[in-house]
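You will see two complexes here that share chain A, one where it goes with chain B and one where it goes with chain C.
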Partner chain A sequence: MTVASAIFYFFAAILIFFSIKVVTTKNLFHSVMSAFAVLLGTAGLFFLFNAEFLGIVQILIYAGAVTILVLFVVMLTTAGPKYRIVWETPLNIWIFVFVILFGGMLGMIVLSIQWPVAKPVALHGVTEALATRLFVEYLLPFEVASILLLAALIGSIVLARRD
Partner chain B sequence: MDITLNQVLILAAILFSIGTFGALTRKSIVIVVMCIELMFNAVNLNLVAFAYFSGLEALRGQVFAVFIMVVSAAELGLCMAIAIMLYRNRDTIQVDRINMMKW
Partner chain C sequence: MTVIGVAVLKTLIVLGVAMVNLLLFLYMERKVLADMQVRYGPMRVGFHGTLQQVADVLKLLLKEDIVPKAADRWLFVLAPMIAFVPSFMLFMTIPISESLVASNFNLGFFYIFGILTIVPVSVLVAGWASHSKYSLIGGLRGAAQQISYEIPLLASILGVIMMTGSFDLVKIVEAQQGFFYLFGYPVLPRWYIFLQPVGFLIYFVAALADTQRTPFDIPEAESELVQGYNTEYSSIKFAIFFMGEYFDTMIISALSVIAFFGGWSGFGPIPAPIWFFLKTYLVLYFIIWLRATLPRVRIDQLMDFGWKILLPLALLNIMVTGFLMIR
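Let's turn to the complex of A and B:
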């Protein structure tokens, strides 16, 4: 077992454990913090897979901004005397069966396809290559994405504004 | 023994299934949106793994992961605004209490 493989199994165990914690824990705050751990673990896997830029972006945007935003919303919407915690939901057996079957289907598809795998090489200057790809070949989708972000920004302000 | 592509894909499939389960069973809108983010995350992991194991220097998988991040960030911001507005108008963010469009 190589070092990379050991690191991969470590992060995989962290990811699976904390994602189960996200969906099973009763406490809203614990759930959000478990999601934070899952996003950080994914950033670690990105670093392992030659994607330094994406790893940094994942830590900055997801682990930083998204978790803080969600925590703000949790604090804003679960405070006050009007709020009652009714998280104890009976486990819906049909959803469980559906998810098991769905996951099995995904696994079978993954295992049944002969992926054209090449020997992975450690690249240098991944960020530069990614920027070239993004600003030369995918310039139009990049600009459309910025318009989408602007629209989402204005929409969120309009929706959440108290008038 | 090295990491193979199948291991990463199986891991992402497990994460995606757990996220689906959470999005279908949890009652709070915030946690439902967080579970959808977990599903996005699993897909991003797939794309980065594809870019890594393809052996090319094109990095198209990482480019698509960037776009998925943009879209999911926009979606999460809008969902949080909707959650705040629902709490202001209906005093709850439980998905089974928000049934005013059901008849």
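Let's turn to the complex of A and C:
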């Protein structure tokens, strides 16, 4: 096993463990922190695959900004660190049946397909290629998307204002 | 396996350099503060108190490690680590001279700002996990302050990055070699502080706020919030928080030297790393000076200033830089 694949499995283990933790933990705050770990692990994978720009954006936006926003929401809405998520709906046997069936189906598809493996390419200037795509080739869609986002931003501020 | 060996070795070397500089900075802060308040500062341990920091660190390590009963145990232990690791990771990319850098890659500044956004998470987590009202208020304040000031911090440095055309820290310094000439005589070194004065001012204020130094130490505010988010922390956990914070201050100073004061460039026979450290410690001296001089601002003043003055000014700076570059 090479160093790179060892690091890959390390990050993969973190991702799987904390992804499960996000949905199974009873503590809302722990759930958010597990999501934080998942986002950092994803950034680690990006770094491993030489996509530094994507990795840093992942940290900057998801692990940094989004996690903090969610933490703020949790802190300002729930009742203290002892708050627990309670599952009130009785568990239905059909849920398990469907999950197992669907999971089995997915597993069979994944295993049966011969996945194409990309040839390793020289990864210099990934960021430049990305910038060229965004700001030269697809400039108009990019600007439209940013105007849409701005509209959504202003809309949410208008909705949230009390007066 | 040699890859990992080299990585570990580099990490250890950087950790050593960072720790030695931390001790130096702590000693300098105490002595300079004392000097400005007309006292001696630490005098007893070692020659003129030089070993005081070592004694303090040992004291912190030997103290009882208390976890409050109501605290969220896991998160309480995790928070100092989230504070320390990113701060230390930043040291890996700081170039001390052209070749003395642990890990340089072409997105240096972007990486630094990316990693800096993790730090507020630790402040929030510490405030929450302590289950104490002072910690919670301190944590909320700290996170709000750091998020608000990270945006002008990033925007202020963009002027420099636009003029260099690269995020690479080494390239930014190399772009600042040489002099400005007046009538054929070199009058000023070609540093970005003279080309980007507004950018530098915004950067410096935002950096002070981001690292919670006086006059922006609102999240800690000893006199109102009893240390804010780290009220409940003691012993080694407090020491780790403390180190993370001081690391941040040192990083911010080193970055200002790289981005605005020509990094390791200098003159005469003095080697480049010495120049770099000299400039960094001058910036640190200025920060300590501010601490000894200025009172703390209020939280609403801070937020107003960040969003309504600093951010528009930073954006304007980017725009003007863009116009000047097109010509």
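In this text, the second predicted complex is superposed on the first by the 134 of 163 C-alpha atoms of A that agree within 3 Å, B and C clash if a C-alpha of one lies under 4 Å from a C-alpha of the other, contacts with A are read in each partner's own complex, and residues count from 1 in each chain.
Definition applied: contacts are C-beta pairs under 8 Å (C-beta built on N, C-alpha and C of every residue); 3 or more make two chains touch, one makes a residue touch a chain.
Worth saying up front: this structure is predicted, and the values here are computed from it rather than measured.
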Partner chain(s) touched by A:G64 [first = chain B, second = chain C, both, neither]: second
First (chain B), second (chain C), both or neither touched by A:M75: second
Which of chain B and chain C A:V97 touches, first, second, both or neither: neither
Chain B versus chain C as contact partner of A:I56, first or second or both or neither: second
Contacts of A:M33 with chain B and chain C, given as first, second, both or neither: second
First (chain B), second (chain C), both or neither touched by A:R162: first
Winner by number of chain A residues touched, once chain B and chain C are compared: B
Which of chain B and chain C A:I154 touches, first, second, both or neither: neither
Which superposed partner A:L139 touches (first chain B, second chain C, both, neither): neither
Common interface residues of chain A - those touching chain B in one complex and chain C in the other: 53, 57, 65, 72
Chain B to chain A touching residues, read off their complex: 1-11, 13-22, 24-28, 30-31, 33-35, 37-38, 41, 44-45, 48-49, 51-60, 62-63, 65-67, 69-71, 73-78, 80-85, 87-88, 91-94
Residues of chain A that touch chain B when the two form their complex: 1-2, 4-5, 8, 12, 15-16, 19-20, 22-23, 28, 31-32, 35, 38-39, 42, 45-46, 49-51, 53-54, 57-58, 61-62, 65-66, 69-70, 72-74, 76-78, 82-83, 86-87, 89, 91-92, 95-96, 98-100, 102-103, 106-107, 110-111, 115-121, 123, 126, 129-130, 133-134, 137-138, 141, 145, 148-149, 151-153, 155-157, 159-160, 162
Chain A contact footprint on chain C (complex, rising order): 1, 3-4, 70-72, 74-75, 78, 105-107, 110-111, 113-115, 117-118, 120-121, 124-125, 128-129, 131, 136, 140, 143, 147
Residues of chain A touching chain C in the complex: 3, 27, 29-30, 33, 36, 40, 52-53, 56-57, 59-60, 63-65, 67-68, 71-72, 75, 80-81, 127
